[in-house]
Amino acid sequence: MWSKSQEEVKIKMAVLLTKDTKVIVQGITGYQGLFHAKKMREYGTQVVGGTRPGKGGTEIEGFKVFDTVKEAMQETGATASVIFIPASGVKEAAFEAIDAGIELLVVITEHVPKVDVITIVEKAKKHKINMIGPNCPGIITPGQAKIGITPGNIVSPGKVGVVSRSGTLTYEVLEQLTKAGVGQSTCVGIGGDPYKATNFIEVLEMFEKDPETEKIVMIGEIGGSAEEKAAQYIKEHVTKPVVGFIAGKTAKKGKTMGHAGAIIQGNVGTAKGKIEALQSVGVKVAERLSEIPKLLES
Amino acid sequence: MWSKSQEEVKIKMAVLLTKDTKVIVQGITGYQGLFHAKKMREYGTQVVGGTRPGKGGTEIEGFKVFDTVKEAMQETGATASVIFIPASGVKEAAFEAIDAGIELLVVITEHVPKVDVITIVEKAKKHKINMIGPNCPGIITPGQAKIGITPGNIVSPGKVGVVSRSGTLTYEVLEQLTKAGVGQSTCVGIGGDPYKATNFIEVLEMFEKDPETEKIVMIGEIGGSAEEKAAQYIKEHVTKPVVGFIAGKTAKKGKTMGHAGAIIQGNVGTAKGKIEALQSVGVKVAERLSEIPKLLES
Amino acid sequence: MIKIGLILEFEGKNLFRKYNIPLVNSMLVTNEQEAIEASQKLGLPVAVKAQVLSGGRGKRGLIKIAKTPEEVVEKAKEILNMESDGRPVTHLLIEEAETIKQELFVSMLFDPETYDVKVLFSPKGGIDIETLAKEEPEAIETFIIPFGDRSYPYYFMYKLKERGIQSKQVVPLARIISTLVKMLYDEDLQLAEINPLVINDKGEVIALDSRVVTDDDALFKHPERKNYLSETLRHTKAEKEAEEAGLSFVDLDGDIGMLSCGAGMGMATADLIEYFGGEPRNFLDVGGGASPEKVSEALRIMMEEGGLKAILINAFGGITRLDDVAKGIIDAKEKYNINIPLVIRLTGTNQEEGVRILKEHGLKAYLDMEESIEDVVKESRGGQN
Amino acid sequence: MIKIGLILEFEGKNLFRKYNIPLVNSMLVTNEQEAIEASQKLGLPVAVKAQVLSGGRGKRGLIKIAKTPEEVVEKAKEILNMESDGRPVTHLLIEEAETIKQELFVSMLFDPETYDVKVLFSPKGGIDIETLAKEEPEAIETFIIPFGDRSYPYYFMYKLKERGIQSKQVVPLARIISTLVKMLYDEDLQLAEINPLVINDKGEVIALDSRVVTDDDALFKHPERKNYLSETLRHTKAEKEAEEAGLSFVDLDGDIGMLSCGAGMGMATADLIEYFGGEPRNFLDVGGGASPEKVSEALRIMMEEGGLKAILINAFGGITRLDDVAKGIIDAKEKYNINIPLVIRLTGTNQEEGVRILKEHGLKAYLDMEESIEDVVKESRGGQN
């Protein structure tokens, strides 16, 4: 039986994604949108329809198509939306979803202009909605539902929460875990862009509070200081075991973004620095992805 | 002795302008700015300095010049500012004054772009400051102080509050009142632009509450519906006698601003309509300006 | 002060084009030969449209359809021989003729009361929108966009769908409306209107006309507008010269020239002239803070325009310095042949100095407005009451 | 995907010019004759500045002052014979030489953590700003502008005056800084930097250099950037071709060609290649959702670039469909002469279909990443461990 505070936490985690979450796809008539709407439905997600302005009232492969997010939400009871729309239309699509009152917004599209991303994220914050992305694989709750593009056949239900900055690398980790018999509670791909709605810390907080999650895997890569900040957060707030991995150990030192970039960000951003930061707070860092299941056991 | 509520009102009116109000002039080194800074000082206004970015630390005709409004306020204790700056610089100047924490802002400049005016007024509202203008003669409290360009020699202290949409017409009315021995409590020239910070209603409210004001003169002109709205307000909230005047009785019907203008504004805007609206709520409307003193007596 | 305000159809459409509002192809021409060439490039049939400022062009025969090259010549000739607003028609827009399935109406402006953007939309557009507003007001929808909200198409999609507009048209329509809202801010417009906004036989939504009023006070942000054809079309020679001198010139019908500072004062002065039985011929507003040169130039323009029996200069100095006004009067009197009575009234800032200057040059100044107006009315009747 | 990012000095200055940031006159030239003509128009002395992407041009002899026409020829020749970033210098900016009284530094970007605009300013500008940051960090001021705040010059005037900048310079400086903030938003810049920002002998503040990093993801809003010279300068032929095909190409030093979908996966793959003792030669990222054509084109570019002993295709299909990847591989194998070992690993979306297609054409697909990498490292050594 759950205690009250655990019950609250359970509800909070459910906000992200369960088998009961009703999802719409913005851009459902597009090549990627339709393909992944079907994949999500096959996996068990309640994909209740999608939007394509101008095609409202039609149907595509069994999905209802609406002109607007508001209509889709009103008619289907959807609370989550996933955006599969070209970069130039993402700002408008995200604004529409937020203004329509969506609770969870996942933006898969990559190459969204940075000023647009920041503008969207600020609006999402102001409206206190959960937003993941852009340029991310989305969320999968194994055995229940997925929003986004994570292949459904590489996950299995279990107790390990996975959070990752990288798209394809996430899949690799999930598959390794599944092959090794280590199931996952939820996997959140936060996306690889420097500017994004949800970062490691927010997901670590959810995993720490989520009774379904016992251990955490965190996949980072070179650049920025998100992993260093996450290490600080882990030190102060995370009691569950964390296993980490950092990609880009052999990368050449890239060109900096100019003096301001170098000065502002200091020496953070290298794989070495990130690995050390994580190890210093007790995170076991895998050298190869294939070591992760073993490190989780120990 | 004042009762408490009257005391509060007295303070509110004092917010606009008394002999103790410290005023700075934005654009004090310009031809108009300097000329009227001197006129204001001659009248008794506490003009404690002005701004001209780049000339900070200098003096001009005995006025201290500062680079920024914030410095001017900090060093002089000024709470009011008057803007004598070309139209293209008004938005920035007004924003600076509002951000610096000015309490009363008077914009004399005419031909400020309408989008700029609206933007400034919205900011002034948000910061809850008193703003008058743009394109207005400003405020004069006879015998105490003036902010703006109303000539000091045509007013005399007394009990009639004057509010006007027109610049030069206001002077004419003030002079006629003074010549007829009718003194004024305060005269507020709200400006002739369609978009402005303070309109008739706000000033009528101040006059109604101001214990120094016994009667009110209101000068309107053709166009818009501010006089009609004021009439409605007078009916509901103003107990003091009001005498009105509307300029433009013989004006040809002007070109409308297009269909939307005509449809939105309907038939309001003619001198005839305004005079009837005012008369219907008990306002005595003068046919000639020279009749105003007589109408105030009756 | 250059006054442009309302701009011509093709100028409005050039603005629309910049914002990707859908239009049909068109070319601006000034004679029949160019009209023929344009119609060959565009393909027949074409619409031949007079570029004039007043509305109701269809009813007035200023828009005609031409189906053959002969008709193009004929219609262009016809329209170029017509007049509008007291001027010959000089420019035509030759435009691909559209097959119209439905005419809509959209118009918007900043509401002076609330500062919101007020959008009017009607699925029943066309030439009779003001009649429609009177007879069938429920056919016109009003959408309010709070000031500062950069509206997005989806906002109007919701609104239009609630009004039963079809899915297919709702998208381009909503995009056009939200673009116009953006243009109000970014282009400093006082009015943006499309009537008719048509749905053609292919189901496309197209702006077939433009009615755009620009904010002259924002000219410094859009200096290219100084070269607009609408600017040159709007004015008489006197108005044009007044503009160039930074003055405001209003043409009336009488015989008394009126020079004053400030529009309200000018209106009240005109009211009083009529009250005392006179007729103002024109009204030159030198605005606030006029220099001697401006005042002198105003008098020159007034004299050149002619038809005056007397001139009234009614100056109440606020931001204007009356010594400057006096200097301007003296300058004009010395340079131009002012052979009609000059009635002057000065009160306000630097009044004593102004009166002194006039006196030195043998000119009297009234201090009282009504007295001066009674006098000028008398002078306009040859000195008799 | 076109990648521009950092743009050349003269391109940055063209952007500055659009926003009225004060500059000295300059002209772009490509040979000595043009350099002479430019210096005649501008007046001597002039600065001869190589238009290259790497910094530290002064130290590297890529900026020289010429005081006579002979010196212009000589310096232009010298610099045009130099190299930077592995390429010959092809373009020079000939610029009026400035008399410098003081060198300042200003740089700004959106902070990825807070989304605020972070402005760095130092009254000690010049070539050694990174050294200054280390040795005298207090000489660099940081101003934070909350996201969305369209900062006005007065904001920076306050800040700069607090730092003791003189009244006279505070105005132009504040205007430049606030303009740069505006440019970050309106021009979609990732970095806007002026170093040195100089005060000349007349007390004027002038941008003597530009360092501007554009956001390639916003190219659709600024399509003119596709024609920037910096775009053509940045890339090797293979990189250029990869770009045109919408691919990301990274040059490395080894002998294994790597094709993968997604940057993180690419990095992890490179890490593992080195872990197993191999050396990646290059890394072609086809991104998410790649079509068969894209995969095929990637392999063509990789083969043409040459220097490979083996190729690893490591595809984990999320948004990418593995049947598409397989089709692309088959297409490339049939069209181009791929005579080196091709190690393929496929897992994810439509994996079965992908493996089937490869099998039909006699190609094996690994499912395990480490196995595939161990294999490709072995192949790169001629099949030996």
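For clarity, chains are labelled A, B, C and D in written order, and residue numbers in each chain start from 1.
One rule holds for everything that comes next: a contact is a pair of C-beta atoms (placed from the backbone, for glycine too) under 8 Å apart; a residue touches a chain by one contact, two chains touch by 3 or more.
Here the structure is a predicted model, which is why all the values come from computation and not from measurement.
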- prompt: If you average the Cα atoms of subunit B and of subunit C to get two centres, how far apart are those centres in Å?
  reply: 28
- prompt: When the centre of a chain is set as the mean of its C-alpha atoms, what distance in Å lies between subunit A and subunit C?
  reply: 56
Message: Can you tell me, using the touch rule above, whether these chains form a line, ring, star, complete graph or other shape?
response: ring
Message: Please list each pair of chains that are touching.
response: A-C, A-D, B-C, B-D
- line: As the complex stands, subunit C meets subunit A at residues 152-155, 157-158, 161, 167-168, 170-171, 174
Message: Which stretch or stretches of subunit A touch subunit D in the complex?
response: 32, 35-36, 39, 87-88, 108, 110-116, 118-119, 121-122, 137, 149-151, 153-154, 164-172, 175, 192, 194-195, 219, 221-222, 224-225, 229, 245, 247-252, 255, 257-264, 287-290
Partner subunit A, residues of subunit D touching it in the complex: 1, 6, 105, 107-113, 115, 118, 120, 129-130, 133, 140, 147-148, 184-185, 188, 190-191, 193, 195, 211, 213, 215-218, 220-221, 252, 260-265, 267-268, 270-272, 274-275, 287-289, 316-319, 321, 347-349, 351, 369-370
Residue ranges of subunit A touching subunit C (in the complex, touch as defined): 53-57, 67-71, 92, 95-96, 99-100
